[in-house]
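In structure tokens below, several structures.
One chain, chain A, appears in both complexes that follow, with chain B as partner in the first and chain C in the second.
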Partner chain A sequence: MAKNHMEINANSDTITGVKLTRLKNKRSQLVWYIFLIPSFLGILLFMVYPIFESLRLSFYQSNGTIENFNGLNNFKTVLTSGPFWNSVWNTFYIGIFQILITIPLGFIFATLINSTPRGQSFFKVIYFLPNVTSIVAAAIIFAFVLHPEMGIVNYALEAVGLPTPKWLADPSTSKWAVILLAVWHWIGFVIIICLANLQAISPDMYEAAKIDGASGIQQWLFITIPNMAGTFAFLLITGWIGALQRFNEVYVLGGPNGSPARSIQTMGAFIYERGFTGFEFGVASAATYIMFMIILVFTFLNLKISKMKL
Partner chain B sequence: MKSTKSNKKAEKIKIYCIFTILLVFGVLLMAPFAWMVSVGFDRTANITMPFPPRLIPEVPTLFNYGIVLENGKLIQAYINSAIVTISSVVITVSSSLLAGYAFSKGRFKGKKLLFIIVLGTLMIPMEPRLIPLYKLFNSVDLLNTFWPLILPSVTNGMLIFLCKQFFDQLPDTLREAAQIDGAGEFKIFFRVYFPLAGPIAATMVILAFIWSWNDFLWPLVVLTNQDLHTVPLYLASFSLENGTSLGGLTMALATVSVLPIVVLYLFLQRYIIQSIALSGVKG
Partner chain C sequence: MFKMLFTKSSSLILALLIFIVSVLVGCSSDSGSSTDVETAGGEWDGQIVKVQLIGDFSIEDSTDPITGEKTAGLSILKEEFEKQYQGATVEFILMPWEGYTEKTQAMLTSGEADVYQMPGIADFAPQGLLEPLQPYIETDSEFSTDIFIDQQVEGWKALGPDSNELEIFGLPFFGDARFITYDKKLFDDWGVEYLSEYPTMEEVREKAAKMTGINPVTGEQNYGTWFRGDWSSAFTLLNAAEGLGGKWGSGFAWEDVSFEFNSPEMLESLNWMLEMQKLAPEGIVSNQGNEKWMTKENNIAIMLNTGPGELVQQTYAQGLEDRIAIAQEFKNEEGKGGLFAGSPITIGKSSENKELAWEWLKFATSDFAQQYFYETGAAFPSVKSALEWESVKKYEDLLGPVFKAMETPYTPRYHWAAAQPRFILTSEIESALTGKRSAKEALDKAQKESTEWLESR
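== the complex of A and B ==
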């Protein structure tokens, strides 16, 4: 009997002990949530709420004060609007050529920097400088650099006997002015990323290939390129996501409607024009959602690929 | 013997060729900057741009810079940008350090899910949030103040992610020692881990500074009052107003506006290049 009693006592002792540590655990867990409060307040207020509010707005006719339910009409308006599809075309056109030019060119220059024994860090600094300057300032500089009569680019083209386009003064060449600017601004980034990944390839692989008698081109084709595949995928997709969101430089060069003749109005500029010069919040929200969905698809792709590589 | 000598020679020629190509391309990339600086010092450039282009202005002058600075709007824009950038950097770095540390060393329910939410924010671009945020700040009467530019920087998924990765590399044993001494979590963070976070804090300051200083779309939407314009906004509105006339003034303005970032970059280039390669985000 006494023995039993003792046992029960001991039991209840351990129970209170467990309870105490549990309580302590709970308290020490709570502390961690305090660390997260600032960030998560921000997420709720500036990320989660706007995303849902924007979805709601896309079903309403709204100018900011008066709202009427509108069903799918905003999406219909956007998807049947010529200027919207024109802006999609411009965004894709500029983005595709920017990427097609910059990634191969950047890779070539990364390879060249990698194979020069002297001045590697000097070239890195020089090549990367355009990327840190604001795209707004860069666009303004390019408006002068690409001036049809007095710009340095046309001066150089004329000097070597090439035709001199009107660049931003002509809707048929204005997109190429933006592409040129985009290449200039992005190439440093591509070079730095390529270079970092080139230098991460183990030199042993090249040694082994050399012993096996592989030529320089063979080494490049069978070692360098496969090892860089992940890097190219990363650049392709981040570049594409950035290109889909292009706004700043086309706003500076062509205003909200992307003049001349809407030839450089991107999706971002279309949204800005409808939302903040026309105050058609519903239509603009529908357009942002379409754009958001496109971007989301590519971001998912990016996550998938970067999980596999990098 | 002879063949190795000629091989060496060929190797040397190759290296010189590569070096020349790199140099030429570097000059091409730098040409717009060189021209910007040169035209900024050229008085005649406000009437017509110097043509044929020349590197050294015919009449070198500080005239353009004088006008640009005298006008006062640029200085005001600089002050505005400084207020916004410094506040944003302080807020974003502090909150990201706290969150990144908690995600690395903390043990609490829902950690995994919450971290996925943080990573999820990386997928949300600015555009779909533009109008709701505009309406939100309008409803509390904060448009045309700096608050809409400063407050949202409290959340930065990329920086939280970088921070977590950094703290993951620091050993847990540091915590355990402090815990035995009876220190609370905040004390452990501030006394033990925070002093070790210098490198990642520097990276975050650099990234946040560049992002905030160059930010354009959101400021354009919320700051319609010209007196509140940040540097990129002032630059853009000046350029949209004057087009490609007044080349000298515009280029002087552009020079002054890129100066802080360029100087920062030249001093910290090694860290900046590392940081940007690390974050994988367009500058």
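== the complex of A and C ==
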């Protein structure tokens, strides 16, 4: 009987202990929520609120102070605007070529670096340096590098007897000037990501292939590339999102209207031009939501094509 | 964890700290100025005027890291104003040029300052955010608008929310002008007569053509001219059209505005620009090709559509005082032509110290303040008396024509230049300069798109 009583007491002690621990855990969790409040408030104030405010503004004719309800007119203005669709074309043109060039080229460089027995870290640093350079500073330097008369690129082209384009001074070549800059800036990131994946592929697979008589190219084609699929999908999606949001470098090189002749004006620059140089916040907000829809649809397609799971 | 953080002793310490901080903050002075307010006991006792300024200003004295030259800070103006207006306090709110329009809009909306430097006055006055200044001018016997360089007051007039006529909402604060600058050495090398004081488009074309090629003295490639084919190309085009008697259009309130972008004068001017482009280095549409300008190795004879900026400093720093000369831009029959630019100074409608703000406006346009801004290299003066200053007289050859240019810009100014039509026109000029469209097609397109934009407003 006494034994039973003791057992009951021990059980109730255990239950009380468990309850106390739970209570402590709850309090401990509460404290962490308090720590999260500042950043949560920051997100609410600087990200969530502008998203909804921008949606509201897209239905108004607004210069920041005076507002008039405008229905869907801003969306109509944007969707029927020649410069907007020109900016969509420019954004996709630059984005497609940036991705088509950088991912394969970065992968090839990564493979070469991976197969180098010495100096891997040196090459990693060298190739990654452009990526840590400010794109604004890089764009200013590129304007000099691609100078039609004094630029080093045209000097080199002339030295080997090739024609020298006007680069940023000609609408037919200005997009390629931006593509060159974008490739130069992004390739380091692509190389590092590819290298990380390459080094994660089991050497046993290559050893087995060698025993089976596979050549170097066959190993690359049938072992390396299939094992890189996830990385390529990741680069494709992040690359596209970045490309569709392109603004900084085109603003530095061509101003808000993407000079010359709007040839490098991207969707981001179009929004900036209408919003912050012309005070047409309603039109700019409508363009932002249209850009958001374009990115959403395109990212969805990318996920489907690359079969990447979220 | 929660307990650990908030024990009795730590809570007490925290409460004590909050109390001490509150007491210190409550009793401390504001930027070292409240002491003056307390002790001054003057007419303006306890009143504060908050002044917004745009540009590379500093409250304290600073030293140029390259030249080692010292520049006096805005504290000089603060001290002088507070000395003249006993009991008053000046507080500066400084902002960079980058994104100044949206920042000014936010400040005006929230009533953050009393006085604003406001290049975009034409956008803000119709919103009812600015105080009309005519009543102050009329009632203040000490003040006269005659102190300002001709056309400056006229040029900054804007439409209020309920007015049909242009009114004064701002006083000219910083001056600016556009003119043609040329290198006399290249003219001498080629044996070409210098530009006349008021050259015509034909004269510029003819002389620029003579100076394009291999310099007969130095053997270097020279170019007759250069102008920005991108950002400011619309202003170069408009000025040329003004020289032929044309104009951008008419009207000030948006509902009254009509553009004349494809007028015969505009077409002739764009064709002239296309001819001038052949006499310029490659890259004018990407703001390139002028890298040697204002250096001893300069290879450009005539520079169109230039501003005063750091003209004097650059000219003298490079030792070009005997080479650089100025001619006026193209003028119409009334003697007007070229971009009207600069910054006016205004009072916010929501200001609670409008009287003191008006006194600041007078102070900011007085010789003391204007000379300070000019001599620290911050801005160009807007007052006639500047011509008598030693620091201006010393460079009279260069600055005389600049002041003259300030008297004769095209007014009312291109108030639409901060809106879509300017970007539409610029893009179409670029299309013509890059051969994408003919001059006529480009201007017709600019006219059509600008008119459509006006109608959709």
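Assume the second predicted complex is superposed on the first by the 265 of 310 C-alpha atoms of A that agree within 3 Å, B and C clash if a C-alpha of one lies under 4 Å from a C-alpha of the other, contacts with A are read in each partner's own complex, and residues count from 1 in each chain.
The rule is short, and it goes like this: a residue touches a chain if its C-beta (ideal position, glycine included) is under 8 Å from a C-beta of that chain, and two chains touch if they have at least 3 such contacts.
Bear in mind that the values here come from a model prediction, so they are computed numbers and not experimental data.
**Q** Would you mind checking whether chain B and chain C clash or fit side by side on chain A after the superposition?
**A** They clash.
**Q** A:Met150 contacts which: chain B (first), chain C (second), both, neither?
**A** Both chain B and chain C are touched by A:Met150.
**Q** Looking only at contacts as defined up top, I'd like to know whether chain B or chain C touches more of chain A.
**A** The partner with more contacted residues on chain A is B.
**Q** For A:Ser28, using the defined touch cut-off, is the partner it touches chain B, chain C, both, or neither? Pick first, second, both or neither.
**A** both
**Q** Output check: A:Pro260 vs chain B and chain C. Expected answer is one of first, second, both, neither. What do you get?
**A** second
**Q** Looking at the overlay, does A:Pro171 come into contact with chain B only (first), chain C only (second), both, or neither?
**A** A:Pro171: touches chain C, not chain B.
**Q** Can A:Phe189 be said to touch chain B (first), chain C (second), both, or neither?
**A** In the superposition, A:Phe189 contacts chain B only.
**Q** Enumerate the residues of chain A that count as touching chain B in its complex and touching chain C in the other.
**A** After superposing on chain A, chain A residues 28, 30-31, 64, 143, 147, 149-150, 255, 276 contact both chain B and chain C.
**Q** Of all residues in chain C, which touch chain A in the complex?
**A** Touch list, chain C to chain A: 1-3, 5, 99, 101-102, 105-106, 108-109, 123, 127, 129, 229-231, 281-286, 288-289, 291, 418-420, 423, 426-428, 430-431, 433-434, 436, 449, 456-457.
**Q** Inside the complex, what are the residues of chain A that reach chain C?
**A** Its residues touching chain C are 24, 27-28, 30-31, 61, 63-66, 73, 77, 82-83, 143, 147-150, 166-171, 174, 253-257, 259-262, 273-274, 276-280.
**Q** Provide the residue numbers of chain A that touch chain B in the complex, in ascending order.
**A** 28-36, 38-43, 45-47, 49-51, 53-54, 57, 64, 109, 112-113, 115-119, 121, 123-138, 140-145, 147, 149-152, 155, 184, 186-189, 192-193, 196, 234, 238, 241-242, 245, 247-248, 251-252, 255, 267-268, 271-272, 275-276, 281, 284-285, 288-289, 291-292, 295-296, 299-300
**Q** If you look only at chain B, which of its residues touch chain A in the complex?
**A** Per the stated touch rule, the residues are 15, 18-19, 21-22, 25-26, 29-33, 35-36, 39, 48-53, 91, 94-96, 98-99, 101-102, 106-109, 111, 114, 117-118, 121-136, 138, 151-152, 154-156, 160, 184-186, 189, 210, 213-214, 216-217, 220-221, 232, 235-236, 239-240, 243-244, 247, 250-251, 254, 257-258, 261-262, 265-266, 269-270, 272-273, 276-277, 280-283.
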